[in-house]
Each structure stands twice: as structure tokens, then as C-alpha cells.
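Which chain is which? They are A, B, C and D, in the order written, and residues in each are numbered from 1.
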Amino acid sequence: MSTIDQLIRDIVAANRILANENIVDAFGHVSVRHPQDPGKFLLSRARSPELIEPEDIMVLALDGTPEPGDTRKPYLERFIHGAIYEARPEVMSVVHSHSRSVIPFGLVGEPIRPVIHSSGTLGYEVPLWDTQTRFGDTNLLVASMAMGRDMALTMAGGNGVLMRGHGSTVCGRSIQEAVYTAYYLEVNANLQLQAAQLARTPVKFLTKGEVDGIISRIGDGLPGEGFSRAWDYWCRRAGITG
Amino acid sequence: MSTIDQLIRDIVAANRILANENIVDAFGHVSVRHPQDPGKFLLSRARSPELIEPEDIMVLALDGTPEPGDTRKPYLERFIHGAIYEARPEVMSVVHSHSRSVIPFGLVGEPIRPVIHSSGTLGYEVPLWDTQTRFGDTNLLVASMAMGRDMALTMAGGNGVLMRGHGSTVCGRSIQEAVYTAYYLEVNANLQLQAAQLARTPVKFLTKGEVDGIISRIGDGLPGEGFSRAWDYWCRRAGITG
Amino acid sequence: MSTIDQLIRDIVAANRILANENIVDAFGHVSVRHPQDPGKFLLSRARSPELIEPEDIMVLALDGTPEPGDTRKPYLERFIHGAIYEARPEVMSVVHSHSRSVIPFGLVGEPIRPVIHSSGTLGYEVPLWDTQTRFGDTNLLVASMAMGRDMALTMAGGNGVLMRGHGSTVCGRSIQEAVYTAYYLEVNANLQLQAAQLARTPVKFLTKGEVDGIISRIGDGLPGEGFSRAWDYWCRRAGITG
Amino acid sequence: MSTIDQLIRDIVAANRILANENIVDAFGHVSVRHPQDPGKFLLSRARSPELIEPEDIMVLALDGTPEPGDTRKPYLERFIHGAIYEARPEVMSVVHSHSRSVIPFGLVGEPIRPVIHSSGTLGYEVPLWDTQTRFGDTNLLVASMAMGRDMALTMAGGNGVLMRGHGSTVCGRSIQEAVYTAYYLEVNANLQLQAAQLARTPVKFLTKGEVDGIISRIGDGLPGEGFSRAWDYWCRRAGITG
């Protein structure tokens, strides 16, 4: 199978996994940078993640323009993806979701920081981007490259960004890593909220050194092992074979 | 297929979607205004939403009277629907539910306001109606037009109303919009509760301008696009085809 | 079908419904008073509710003694049931469960009171029984008639009792009513907990008059209608037919 | 069937049960001490619990070394198991998990103590082990016998230990007991968190005498009865037959 065919299969699997694990629902999307042309990326036409088939995958320029002659309707918010690929050459995959435990943190401006080893891939802290700051009253959707670029600026060199009143976006050096981080951002938010409800003493987050220890070994067995074991497990749960 | 047959199919689908997404359970109902006669509406006979078939749909006058000769048992609380259609000519569909995250807000008098773009269709704030205020000790059910009209007065020009110790009711200009708003009222309540648990700082709700931006575009692509994509996704999850 | 055969079918259905709705798990039980002999009751042999078949139902005297020759192992906690039937001639059915939202109220001594119309069958307040008070250190199980009678004393004329560090027990004038009350005790506890988390103002419980209005109409259409509609819905969800 | 074949079947069943009940996900593992050689234990190769088959079970020395010639990849964290078997001759089974309600307690240093009779097998209190204390910045995984032994020291003579930013580990005198305790540690944490949210008065934990009453009867009918009834129920839910 060609690289691009494999990536398309992985995008379809990623969408189904994230739907099955309740990270995305009718909304949310997964993209991957084009393997032969870093100025393009692969993303489904506008469709609910669980319903996506290989034929739905479109090729888009970083500014969101479809290939000539492709008249299918892309996601309105494709600029989230293009702006991150433009700003971050090492990023190979982006996931945007409205997963439920993450949103409350953006509503009260409480930072999300990793509380377990599995969410060390989030980095030290997930910053908050608010459309109000630069764009005033909008419908909060990322409807232009200007908005996407502003969001990517807030994300800076990190792997995730909270979007106030909307959801969150994460990235990774592979689809597997981006899916893993999207999943554990949700898990981490849920645990952090529970800890905040219990707390008589401050929550103990991972130390900077612990986060460094985890991030530095991505692709080197751990959490690389984790990506792969989790991916296989999630595929099984989502009914994906082969 | 005639307009009315399509609407009956949509009512059945809406009931199954809302049951499948845990917005209604054994109780709750969905109605639509009669497409040829604005003085009537369509509503199932008294039955749990998940079990409803096309044959169960009755035609009722706005005061809740069934068609002559129709001896089936209607919902006791059909006055919720009739009173809203009477007061609001633009409303085409009404959903009443006991969805679980919404009820606590009515118990403590905490207003529900939209915290994410998807719940902008709720408007600025969902008001609280309490049977005690005008009707004293009852079993809290909306058992007469007088109660329905009082509830509709509290709802005023908005799209939703909380019912103390009971549940909530929403409306829309189509079944799809009413179902969408019923679903996102529950999601919004859940997010708002979590944010309240986290909050060291005030929760940041959507601004009035943001809500206006969302409401003004209903039927114009967005959130119209959202209604349609969500509807297709929910149908798939509920096993509804064709 | 004879009355007793129908009751046995209802007990089996009740066990499956309560398992399917997460009110009971490996533990918990449902009994009904014997229709011909008020000094006896029907209860499964010691088995997880979801696995119970008609052949598992035993006949026990109120003091928990099986019929002569019946060597099957009864539930250790059958005294919960016998003691309530002994003290309350009008009670026809008893449900004991460990449903999860109810237990925390017993742990902190916070009373459960109805917050929605559906849980009006609980009465004004569900009292708390603690084995420590009269029996000191035990394994907290109701292992004798003395313990069962002490629990029934705390329950008094009400429909439910919390058991500290253990669970809860409810009763009704029919299996359908007892199952309904067991289900809505759990729902009410969950809603009351959420309201407590939100509350800047006191939670507004049903008034005494509202509770009276609901209780007085049991068996008279409402909530009688509710018992029946809910029962049919729960049977469908649990895969019970016929 | 030989003892070892039966134990292998039980390990596979235990993994599926714990996956089905959401105690383990892609991660977590169950081991049993070798029935003929107390210096060895049985543990799956590195694989997600739900996917484990009898052929995946490896034999490891207490220091984590596989049998000569077995080149399959073991779990990195097998030292959790070996160190407990080394320190505790009476322990026959160990379960390590990341179950979600337990983790927040480790994050804030709030002790978990039994609040219901079913979790009396936890003992008086579940202590907290933190890798930072002795090993400084790591990726928090138990990657050596030195770490495993330090964790076992904190566990001391108890049945469970919390692992900060990671999860928890429990043990038992049989697979059934260890699975039961892993399950009720999660249940207890969830109940204790809810009680903390309600509490205007201190949470009432089981007394020392109540815990003694429960622990002293393990293997003697109760909670032995509980292990067996729960095991049968969980097998049925997980689709395990025979």
C-alpha cells in the first residue's frame, strides 16, 4: 500500500476511534500533512467523524484551498489545521475536538497541566486562546486564516491549545501521537477537575523534569510504546480491522 | 412523500434520537405544528419516546383537544405544546424533556446561559418557571392550558424555559432546530456545572454579541449546517435509515 | 397465567430492569409478598439479579425460613424483606440496592428529599439507618431479624431508608411501584448532589403539599400512569418481551 | 484441567472483566503467583488487557526475567508484581490499573479509606507512594526492581497502594480477591469523592472494627460469597462462558 493510502486509512481510523471514545461527536476533525508535499494536508470533506470513508478525504493547501476541480464542501474550520502546519514544520497531524471535560477550563481561565504520566505529551501547560481578544464578537468558529494564525501563535511550540467557549486543538508528529494527545487531554481535564473538587491541598502536577522525561522519549519506545498499544486497543474497540 | 408524512417521520426520528442521546427517557415529548393548519399540532399518543411509531402520531388543537373520533390517550402535558404554539406564531416545533443536567439549575435558581457556540441557539438566558408561584401546591405537571400559558409567558420570546422540580422545554423553527437546542441545553448545563465547580474566577459566558452572531445566522448555513450534520449523525447512532 | 406465575415473571423482569438501569449490580434483590399468604414472600435464591430465572424464586416465611425441603441458598440479607413485610401490612414489594448516587448521602448524614415530581413517591424525607447505633461493629450486612426489624423501625411509615456504608431499601404497594421508587431514589440523589454543588442559595425541595399531591394519587392514574409507562420502557430496554 | 491451565484461564478472564468494567483500558495488568514455584509469577506479554489470549501468558522470575528462550516482550512495569510477591509470601495475585476515580486522591494527598462494606478488603487506609520522594524526576513508571521494592515498602502489609500521577496497585490471596479489590477501590474512590462534595459534616468511614469484621471473614463465606457472586456476574457481562 502506498504511503498516502496508508495515511488515508489512518485518518479514517482516527476519526472512528475518536468518535468511539467520545472525543469527537457530530463535530471535530483530524488531518495529516501531505507526505509528499509539506505545503498541503489531508482532511475529510465536511462530515461527522464517525461517518467518514476513505473517499471523503480531500487535499487542501495550507490556506485551506481545495485541489482544482474538487467541488466538495470542506470543513469551515480547516484554517485551524493549515495555520498550525504553516507555523510548525515538525507537526504532521492535527486534531480539533469539543471534548467535554476540557471546555470548562477555558470558561474559567484555569490552566490545564499534566497530572499523570500519560498526559505528559501535553507539555507543561495548555494555553488558552480566546477569539474575543483579537476578533471581538464572532460566532467563535475559526473561519479564516487570520484566526487560525492567531490561534497558532497562542499554541506557540506546544502540543495543545484551549479555545474559549468552543473546544481544543492538539498536534503531534504522527496521527497516532495526535490522537493519543487528544484522548489524554480529555482524561487529564477530567482528573484535574476531580482533584480540584477534593483539594484541601494544592494539586500536585507533573514536575517540569517529569514532563521532560516523557517528552524526550517520544518515538523511542515510551510513550511510543503507549501510542502503539493504545492505537491497537482503540481500533479493536471501534471495530477497525486489518 | 407528502409534507405531513415527512413530518411524521421526522417526529418519530426526533423521539428516537432524543431517547438514544439520553435527553428523554420514559418521559418527554416532541411536537410539530401542523403544516396546513397553524391552529393544530402533531404529537404522539401517550407513549415512551423510544417506542413511538408513525401510527402513534395524533393531531391536536392548540387547546389540546384531539380530532373528533380519535379516542387514543394523549399526553397529559400536551398543554406545554399548545400554549407555546398559541403564543409564538413563528415556532414550528417544541421539545419537552427531563434531561438530567438541566434540572439542578432550576432547583437552586441559577440561570443557564450559553457557554459554547453550539448552545448560542438558547439565546441570552433560559428563564425559570415555577408552578408554585401561580398555582401553589400541585404535582408540578402542566395539566391545563392555564398552566401552559403561564409557562409560555415566562418563556416569552426565548427558545427555552426551565421548569422547577420537573425539567425543561425548548422550541425552534423546525424539528431539527428544536432537537438541536434540547440536546445543547443539556450539554451546556453539564459544562456550566463543571465550570462552576472549577471556578476561582467568574465563568465567561458568550457575550450578547456572540449570541446575536449565532442566532442571526440560523437558517443561513450556520448553525444551519450544524443542525443538518448533527441530525445525520444522531440518526446514524439511533439506527435510523432512509 | 396464575397470579403467582405472573408475579414470578414480574420479579424476574424487575431484577433485569434494575440491573440494566444500573440500580443493582452483582448485589441487590427484589421481593414480593405472597399473593395467597401474607406471612410469606417470594425472593430469588442467592444470585446476581441479571442472572435470575423463574426457577430461582423461593418462598420464604417472614422470618426468612425457606419452605420445608427447599435446600437452595437464600440471600443472607433476606431479613430486610421479611422485617418490612412484618411491620407494614400494606407493603407488597421491597427492593434493596447499592445504587451509587444514594450512598454518599448516608456517609455524611445529609437527608435525601424529593427534588422532582417523579420522586415524590419517596415521601417527605428518606431517613438514615446506621448499624453502628444499635449493633456496634459488624460487617454492616442485615444478617438477622433483629437487624431487619431495627431497620424497619427507622423506615417507619415511609417508602425508603438509607443504610450507612451499604445502600438503601425501598418498598411499594406493587413491584412496579417499588422498582419505580428505587430508580427515582437514585435519580433524585444524583440531582440533589448536583444542585448542592451549584448552590449559592438553598436547594428548593418539593413542598409537603406537592408531595401529598403526588402520593395521594398513586394508583389513580398518576403517578400510576408513570409506573406503567416507565415499566414498559424499561422492559424494552432490558430486552424483556411478552 | 491442570491447576496452571485453570489459572491461565482465570488471568485471561480477569483481564477481560477489568477491561469490561472500565478498571483497565489499553494499560493495566493482572498477575498470579506460579502455583508450583513461589519464586515465579504468570503475566501476559505486553498487550492491552482486553486482547489477551491464553497463549500470551509468560512465566517470569520475581526479578522480572522471562523464562530462558522466551523472547516475547514483557510489560515494562512487571517489577510492580515481582516486588510485591517478593515482599509478601501470602499474596497470590496482583492487579495494577489506572482506574479514573482513584487517581485524583493521589494528586492531592487525600487518603482513600473504605466507606462501604464491599470495600472493607482495602483495609484501614490505602497509602500513597510517590516516585518523586526517592527517585526524583522520572517518567513515573515502575521501571526497575528498586522502584518496585520501594512501592512494596509503602504498601507494607496492606492490600492497596496509590501511585501519584499514575494509578494504583492492589493484591489478594486469589485472582478473584485481587480483581474484587481493584473494582471496589474504584467504586470506593468515586463514592468518597461524592461524599466529599456533599459534606457539611465529616465523612463517616468504616470503623476499624467494621474493617476487621470484614477482613477476618475473607475465605469464610463472606466476603468470599461476594467474590464468587461478583466473579460470575462480571464473567457474564464480559461474555466469558465455561
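Quick notes
Just so it is clear, contacts are C-beta pairs under 8 Å (C-beta built on N, C-alpha and C of every residue); 3 or more make two chains touch, one makes a residue touch a chain.
In this text the structure is predicted, and so the values were computed from the model without any measurement.
Rotation angle relating chain A to chain B: 90°, from a CA superposition, given to the nearest 5. Here chain A and chain D face each other with different sets of residues for the most part; under half of the interface numbers are shared between them.
Each chain gets one centre point, the mean of its Cα atoms, and the points for chain A and chain D are 33 Å apart.
The distance from the centre of chain B to the centre of chain D, each centre being the mean of the chain's C-alpha atoms, comes to 46 Å.
Within chain A, the positions touching two or more other chains are listed as 197.
Taken in their complex, chain B has these residues touching chain A: 115-118, 120, 187, 190-192, 194-195, 197-204, 206-207, 209-210, 212-214, 217, 222-223, 225-226, 229-230, 232-234, 236-237.
Chain C meets chain D in the complex at residues 25-27, 46-48, 50-51, 76, 98, 100-101, 103-105, 107-110, 130, 132, 136-141, 164-167, 193, 196-197.
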